[in-house]
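The chains carry the letters A, B, C and D, assigned in the order they are written, with residues numbered from 1 in each.
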Amino acid sequence: MGTVLLSGLHARMASSSASSKKSSWQAILVINYKAYPSAFGDKGLAIALAAEHVAEEYQGVVRVVLAVPATEISRISEVVDKAVVYAQHMDPVEPGAHTGFIPAEAIKEAGAKGTLLNHSEHRLVLSDIDKSVRRATQLGLETLVCADTPTVAAAVAALSPTMIAIEPPELIGTGIPVSKAKPEIVTGTLRLVRMINPDVPVLTGAGISSGEDAAAAIRLGTLGVLVASAVMKAADPEAKMRELAEAMAREVSRRK
Amino acid sequence: MGTVLLSGLHARMASSSASSKKSSWQAILVINYKAYPSAFGDKGLAIALAAEHVAEEYQGVVRVVLAVPATEISRISEVVDKAVVYAQHMDPVEPGAHTGFIPAEAIKEAGAKGTLLNHSEHRLVLSDIDKSVRRATQLGLETLVCADTPTVAAAVAALSPTMIAIEPPELIGTGIPVSKAKPEIVTGTLRLVRMINPDVPVLTGAGISSGEDAAAAIRLGTLGVLVASAVMKAADPEAKMRELAEAMAREVSRRK
Amino acid sequence: MGTVLLSGLHARMASSSASSKKSSWQAILVINYKAYPSAFGDKGLAIALAAEHVAEEYQGVVRVVLAVPATEISRISEVVDKAVVYAQHMDPVEPGAHTGFIPAEAIKEAGAKGTLLNHSEHRLVLSDIDKSVRRATQLGLETLVCADTPTVAAAVAALSPTMIAIEPPELIGTGIPVSKAKPEIVTGTLRLVRMINPDVPVLTGAGISSGEDAAAAIRLGTLGVLVASAVMKAADPEAKMRELAEAMAREVSRRK
Amino acid sequence: MGTVLLSGLHARMASSSASSKKSSWQAILVINYKAYPSAFGDKGLAIALAAEHVAEEYQGVVRVVLAVPATEISRISEVVDKAVVYAQHMDPVEPGAHTGFIPAEAIKEAGAKGTLLNHSEHRLVLSDIDKSVRRATQLGLETLVCADTPTVAAAVAALSPTMIAIEPPELIGTGIPVSKAKPEIVTGTLRLVRMINPDVPVLTGAGISSGEDAAAAIRLGTLGVLVASAVMKAADPEAKMRELAEAMAREVSRRK
């Protein structure tokens, strides 16, 4: 019975609650570098340094996470401290004979504190999400699992990841925020996830491009936002990150 | 809000409850033809006719479902009446330009009443399971979604399929029944699925080869069994199906 | 050395030449049913019966091949005789424990004489194309392997399929024929394929919608055309097939 | 015609010949780090430093290539100079919105000079190998494409990669060298590849574990070896690399 309990919903929830740092931050800003030209080399480092500034300014209030390409994890991890580095993906394999695959150990060794999983540009087999969340959790890595519909988010909640991001794929990269175009997708997701696994925070993704969008994400009840092009293609990425962080910080302080 | 409600957990549960035939059968015997040599042509038809006999004998008690290869759905559907034909897979696409893919409409047109999904030999992307269950439900098709662990079963429950089968892949085809080797996987699955979506029945799969195994599956609280090699490789498939049905029928009558 | 020779280029070319029916037809019209609404049930059967008429009329000149959904192979095979039935895909597995996969034996048992492989809507792993061509050839099934570029066609030629279709994906379904928009892709493919495996005929696909397009395909040096929407969405599919066949028949007679 | 010529066999061969460094080395030793525990962090760096020693010793005779995990490319590239760093895989995408995928630009920016592709543990869609070889070549990156059979190697030759490795998957990791167990697979591959694209060198992979195996690979006519576990699991990786390099160096000097 032991192994089932350990692998079961409540057991995993318990262990993930234990290691969570929820108390230390009230909102979250996740930057998905994707494979944009600005994601690599000096450009990617410059955005990371800018993120570090924003993370310092909003320390204790808004956590800043950078989901960077696998090839950039080690270089970016060396230059940030307050900002947190995630991978964009990891493979559900153990270390061994797996040419071209990236086990949890690889991203941890390179300096990542967690990983995105199941982004709509990189959809995963259900059992592989289960295995990846399990392996990441065992190694103390966080998981932010993306979902394209409220029911998918509900399914993901049963796997007890650290966080879930709801991202309707038809809005990704459009600049039309889900929080405005389809707020019921966000609130529907929150309702289902809370029924199944109330300890898993939900993030709002897809189309987030302004402070107003980020504030709306907080008002709807999510913990923060997952953004990509709004920052990675910005003329001034630091100003854009600060705008998003500031809007969320204001919203959470208003809430008290 | 409407679309979310429609796509939401409770709405889908409601509609699937409405169309369910739970009242008409107390146990279920699902035969997965796989791609065994006996699955095709006259051999596949002979097993279907044998299944029809068993389905007649246990009518109202044990439902018999045949999950057959895509190429055999139409021929087998023509010769069975009490036994029910399922596909082994369907693709999450709408009719259109999808060379070599099988939409829900295709299996329905050919005579299938439902489909297996996400068998451990054919694992699916989470979002595709969600879409497939949704599309099948819209067309009045049943879905039996396989899960390899209790947490995967919990995730699947959130998608409101007609049924879930728990099949630890390491036991498939071994003749070592999960109900004996790892009963806690079955009971752990039942516990999690009931927490999330209590209306979704669970089946026991993997290693089921005897009446005793089938009876144990009922005793553990599942609705029946998903078997493959035990029937498809049997010297006398009809006798084997009768053995499995009889054991489950005895077990459910004892329960009353 | 024996097995390598058997699996080698020349050995396979030799055996495929031996079984080829090149002498019996001078042009080919392949209709890809895809998963269009008209592909299934009575509609699919009606198009097959219409194709049978065209196949009878042009017997000995234009071969008519119908690439139909897996679920329709057996029903359509029963009603055609001069027209030939292909699958749209097959999986590179041997009969056995492969839930939801379709081995060569399955399509052969259902009545198919061959299969499409690697359509741009259903791209395959290189080694799986190799295995599928090998398995199909062993069972006496033909293979029509699609390629999206001349170099991919050259690579496919090395696997010695029965035929190759060049289909630039950006033109599929557009009604803009590759033979007009990019004739150099067709001639470039012919040049490379002839260098590597001169016995493998090439077909022109993508955007073929009129007799003129089909005639151009013959003039460019290919054996015929692979069409889908032009027939499957036609108000009068029989008239459209006759138009395409007639144009090719005229072109080949002019050539003599 | 221009684009076809550019994408055609001879044009690509010409450009790859132009940039090849064939004259500067007579044999090649490729170490596939895979995802072995010794591939990451300090252990992976230590093996790279050892490889650098061997590369220095055999400079001008045996080229040493390290195919390392994506997360390690930048760190290892910084510490080696004579030894060359490859990725184990790259994705056929252009920079842009591709979460968790690795474009050619990413591995180049991190310091890689080339990449493995299509390893039997990471098999690729044919069109994606074509695209990846094309994109890598455009960026000046080398490609070492793996093949599991002689006909697959022949197909790969048509795509004009920098090199091809023949690796029968059933021998990988066994310590049974293909050069001994199935030399006809190596010679059959050489024969087919030379027919199609004589400028593409072939490497021997699978089961190579001793200097004798490496010498046999040279004697059979291949340019060198692709090894993994023999080095990555060795008690003394440097000694093992030296053994392999020395055996090949002796063999090539004998040949003159």
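Simple rule for what comes next: contacts are C-beta pairs under 8 Å (C-beta built on N, C-alpha and C of every residue); 3 or more make two chains touch, one makes a residue touch a chain.
The structure displayed is predicted, hence computed values, not measured ones.
Chemist: To reach subunit C from subunit A by way of touching chains, what is the minimum number of steps?
Modeler: Graph distance in the chain contact network comes out at 2.
Chemist: Could you grab the centroid distance between subunit C and subunit D? Build each centroid from C-alpha atoms only and quote it in angstrom.
Modeler: That pair's centroid distance is 36 Å.
Chemist: Do you know which subunit B residues sit against two or more other chains?
Modeler: Not one residue in subunit B touches at least two other chains.
Chemist: Can the chain contact pattern be summarised as a line, a ring, a star, a complete graph, or none of these (other)?
Modeler: If you draw each chain as a dot and join those that touch, you get a single closed ring.
Chemist: So, with touch as defined above, which chain pairs make the list?
Modeler: The list of touching pairs comes to A-B, A-D, B-C, C-D.
Chemist: Which of the residues in subunit B end up touching subunit C in this complex?
Modeler: 32, 34-37, 39-41, 67, 69-75, 87-89, 93, 95-103, 105-107, 109-110, 116, 119, 121-122, 172-173, 228-229
Chemist: Report the residues of subunit A in contact with subunit B in the complex, numbered from low to high.
Modeler: Within the complex, subunit A touches subunit B at residues 1, 3-5, 7-9, 12, 118, 120, 123-130, 134, 148-152, 154-160, 184-185, 187-188, 191-192, 195-196.
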